[in-house]
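In what follows, subunit A forms one complex with subunit B and a second complex with subunit C.
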Partner chain A sequence: MTSTPTPELAPGPAQAVSERLLPERRQINWLRWATVTIIVVSVVLPGVSLLLRSFAFRWHYPDVVPGEWGLDAWAYTIDDTSRVFESLGNSLRIALLTTTLALLVGMPAARALGQHQFRGKRVVEWILMMPIIVPALVAAMGIHIVFIRLGLTATVLGVSLVHLIPATPYFVLVMSSVFANYSPALEETARTLGANKIRVFRYVTLPAISSGLLVACLFTFLISWSQYVTTVLIGSGILITLPMVLFPFLGQGNAAVAASITLIFVAPAVMVLILTSRSLGRGSTVMGGFGKV
Partner chain B sequence: MTLERRRTPLKERLKIPLMLTPALAVILLLFLGGLVAGLMQSLGYFPAAGLTEFTFRHYVDAVTDRNFLISLWTTFRIAFSVTLLSTVLAVGAALVLRQRFSGSRLATFLFQIPLPVPHLVAASAVILLFSQSGLLSRIAAALGLINAPGEFPAILYDKASIGVMLSFMWKEIPFIGLVVLAILQSVGPQYEELAQTLGATKRQRLVHVLLPLIMPGVVSTWIIVFAFTFANFEIPLLLGQSFPTTLPVQAFREFQRPELTSRPTGMAIAIVLAVITVLLLIAYRRLARYSRST
Partner chain C sequence: MTDVSLVHLGRAFGDKWAVKDLNLEIASGEMVALLGPSGCGKTTTLRMITGLARPTTGDVLFGGSSVVEVPTERRGAVLIFQQHLLFPTMTVAQNVGFGLKMAGMGKGEINQRVEEMLERVELSGFGTRKAHELSGGQQQRVALARGLVTHPKVLLLDEPLANLDANLRITMRHLIRSIQRDLGITAIFVTHDQEEAVMLADRIALMFDGTLQQVGQPDEFYRHPRTASIASFFRSQNFLPGTRRGNVVSTGAGDLVVGHNVADTGDGPVVVTARPETLMLSNRPGGENCLAATVTSAIYMGTHTQVFVQLADTTWTVHAPPSVTLETGDQVLVELPKEHIWILEDDSEA
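For the complex of A and B:
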């Protein structure tokens, strides 16, 4: 990805300037300290409280740390009666199918938008980006009756198709900014050297876009993984996904079980973060893409 | 020119339309198709429930319901506050995090964590932390600030929807912040350095150099976050008051009633929701075009 190192300030005049700025230094450090503290606390504290809660057996009120530890919540979570495993399987199947479909329909469009200028480009961008702004829930509500007639409700395919509504725009958005930063000149060279289309894609295009493609796929997966209300609607309450099992526990159910299901639910996000942390950091193309919607 | 055009083979001319077709088909069929089908139902064309007569009755029913305006206001208030607070805090965080100092790498890494995390997880954590018997309440009790859970401020299921807003902001601040950080990085330090050598103060550099540079990106994310918060269903359902609730929750409740005849009313509320976001989108495009032309 494009994480160009920032050039160091030139030593001469810049140093003189920073000396002039010296009186402000103390205030800046205070701001930095506050920002870092707030970020650390607001990320670490939720994680810690989820872990504590899921392994707590008895946790009386004023205690900050549980009095007795236990695996009861986890034992219930992995038991068949909780339906966590069943829903986990469905969530995975739906998210994988959604990602595959988004990849198939989104790649050519992303390439066209990222690398070509053509008449009506703005209109196409407008149409493709609309579901980012206009709620997919409204479209899902409208299409529900059609899906019933087509026998698509309560099926993995039906739910994936509805997840495709919010997933496709994000996939195209991320990939078109990847393609915009990718020069096809090397492809032409490979073609003139006699490589066929498949080999050009496999050995030239794919290595160049692979990290961006990984980010796009993982984010598409997570968009589907996080869907709640569209799944409830099209799944007809028969096809159960993980957030649907979690939801009632967050209302008035057992807090320890809620915490352990939450930890399972967040696991793919944590994995994605580890895989993509380098491509999301400072100056990434991926995040910059959202600024151009 | 015309000769050139005629010589372009058909295959070459069809290349881009063909590349765009699959994605456009998905959006046009599923998304726009869904909206049109929803519009028909809201206008009373719903043969599955024996309704075939076009009417605005369901819109009148939806809008004159005493809950409607309260829900609309609640939805708008939450979305607006979340967007405004998140934007201000995110820009502030990005301006600090773009500097390199000890701890900045760790903070930037941690700042990214909420981005891929589902909203429901944020809600789950907010419940564990901010409920009256939650971790923060316990810490407050340990510090002797409060004596009983009931003394901890009730910010879940509350009138001001603070719990709802906290869940959203935990996700949206890093989202906006990382976009701003990416823009700042791609712009580089040269404009600022130039302004500095020309004698601009820190404040002038911020107001006249940095903010104008990041503004277009901020407005883009502002619209995304507002629209998202406006249409979100699960967070207000889980952490908000049961009355007044938000428009998406109300629309879905009407829609899911066992009697099919209340569906058009739910659909009418949903269409109103969609129309508001479309108007927002158009306003934004106008704004963007205006700011680009000046």
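For the complex of A and C:
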């Protein structure tokens, strides 16, 4: 959110000042209620609906709750033939590996972009943003042939490497703004106080960037988690992830099964969000893009 | 007790030298100011002493042995920056105790020494606060305590007072000086403010463009600057070109007799200078070293009246008593007492 310029307070009686501030406060209250309403309508209600749907055996219009209840959908979901657990494991492995790779690739890039001025910086920023503009599928098509030769298709590593294409821009974007607001003088101070490089990272750098880092990792994890087309392509249809199990049910399949798999699909995201909500609130400054502070 | 030697120290960025062939001896327990305009290489010099920057040429010696190969964290040279002072995620006590913790000291002893040090900087009871809950001056004191609690061999300060207001500067100046003297720590600080250097340092090392210009006690820079650029940096604009023959200098405004204390420049073209506060407005026509001048302006400054006069084709500043009232265009005699006249090498802009 861009900061609104603070209204210039004309010198005068205090009453006049409070009157001028009043409309603004009202607006904030109104905004907060609107936000809560939007969240309830768009996130909580569909969630409830999904939960009901997954336990429904028959649910016809215009019933508010299902006419007949049943555990069939969940029984199928848990069963091996649905491959839900197999794909869940693959999705987790791939998302975690993608996050790790993004850390290794993105941290140095983010630090360089956030803290240093150099020739061609704008160009580097643009190249890094390209995957957001150009669909990752375009790159994946080209990479596919190379990966076949290298034997990387249908492997967790291969799929993770391709997920890195859409994930890295977000990771670097978030982390470079974190580093832009972070002074290397703190690290240098710590060095002169007797901390070696590892301890400087442990005691000074990490605490300072941790909330931003959490957000960046969360983004990366979720981007990998929701990839579909790139996974199908590089995974050769052999390596099954959760979206690949879920999507066939969404169109014409069993709605109850689709609902139960969807719940499993969103569960990790919701869990991580709840666990990190405090850091997300504190790290609100990290959402500013390539910081210029 | 550590003395510091910088020997032919230099650092180049590409083909540009930020610091060039710098030689400086700093005695144990001495406080030296690296003074110069911004971009003159003084901070780079400081960074080379800490090990945060690697010298391109030369050597840094602590107590006679080279430390160039010793990593920063083992040099025992603590650096205090002018801003971004404290670790934001730690409390004041954790900040101050950081160096001791890195040295592997036990919790009990750390707490005790941190408490003592906080008392020393008049911040007892602030231990549990976070950095952002302190004022600028308090943060500066915590940073000082954090640096000094480890008893470093060398204390390095980068513009330590730059971000403080006038009153805090005076308090901090006294505090830094007294603690540094008590602990007998060798200290080097960087500043662009000549007044700060004069008031705080035992000796000043003046740098322009990466090169050391003059090293000496503060008063030498006022009384015996080596060049006109150095004199201007110390706020003197009184320069009069002339030709020296023995102890007489012929200038466009008349002949001047110089004392015996002046530098041995030899006969030939020189530049004559004198501090504004040593000059007198005289009414003795024909007196020794009395030169005729025209007043261009006079400004009442409270403690004195600053008079600008035209002397030959140069403008000189004279600090006259506050009672003096002069008008533009008045004819005056400026007396340059011979013991206060100083002769400069004739460098470019004089």
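Everything below uses one rule, namely that the second predicted complex is superposed on the first by the 239 of 293 C-alpha atoms of A that agree within 3 Å, B and C clash if a C-alpha of one lies under 4 Å from a C-alpha of the other, contacts with A are read in each partner's own complex, and residues count from 1 in each chain.
As a convention for this text, a residue touches a chain if its C-beta (ideal position, glycine included) is under 8 Å from a C-beta of that chain, and two chains touch if they have at least 3 such contacts.
No experiment lies behind these values; they were computed from the predicted model shown.
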| item | value |
| --- | --- |
| First (subunit B), second (subunit C), both or neither touched by A:T192 | second |
| Partner chain in contact with A:S183 - subunit B first, subunit C second, else both or neither | second |
| First, second, both or neither for A:P207, with subunit B first and subunit C second | second |
| Partner chain in contact with A:G253 - subunit B first, subunit C second, else both or neither | neither |
| Subunit B versus subunit C as contact partner of A:G89, first or second or both or neither | neither |
| Contacts of A:G151 with subunit B and subunit C, given as first, second, both or neither | neither |
| Most subunit A residues touched (candidates subunit B, subunit C) | B |
| Shared contact residues on subunit A - subunit B and subunit C | none |
| Touch list for subunit B against partner subunit A, complex | 16, 18-20, 22-28, 30-41, 46, 48, 92-93, 96-101, 103-104, 106-129, 133-135, 138-139, 141-142, 149, 170, 175, 178-183, 185-186, 188-189, 193, 196-197, 202, 216-218, 220-221, 223-224, 227, 230-231, 233-234, 238, 248, 251-252, 255, 266-267, 270-271, 273-274, 277-278, 280-281 |
| In the complex with subunit B, residue positions of subunit A that touch it | 4, 6-7, 9, 13-14, 17, 21, 24, 31-32, 35-36, 39-40, 42-47, 49-50, 52-53, 61-64, 101, 104-106, 108-109, 111-113, 116, 118, 124, 127-128, 130-143, 145-146, 148, 161-162, 164-165, 168-169, 172, 218-219, 222, 225-226, 228-229, 233, 243, 246-247, 250-251, 255, 258-259, 262, 265-266, 269, 272-273, 276-277, 280-288, 290-293 |
| Subunit A partner contacts - residues on subunit C that touch it in the complex | 50-52, 71-81, 83-85, 87-90, 98-99, 102-103, 146-147, 150, 156 |
| Interface residues, subunit A side, partner subunit C - complex | 183, 185-186, 188-196, 199, 203-204, 207-208 |
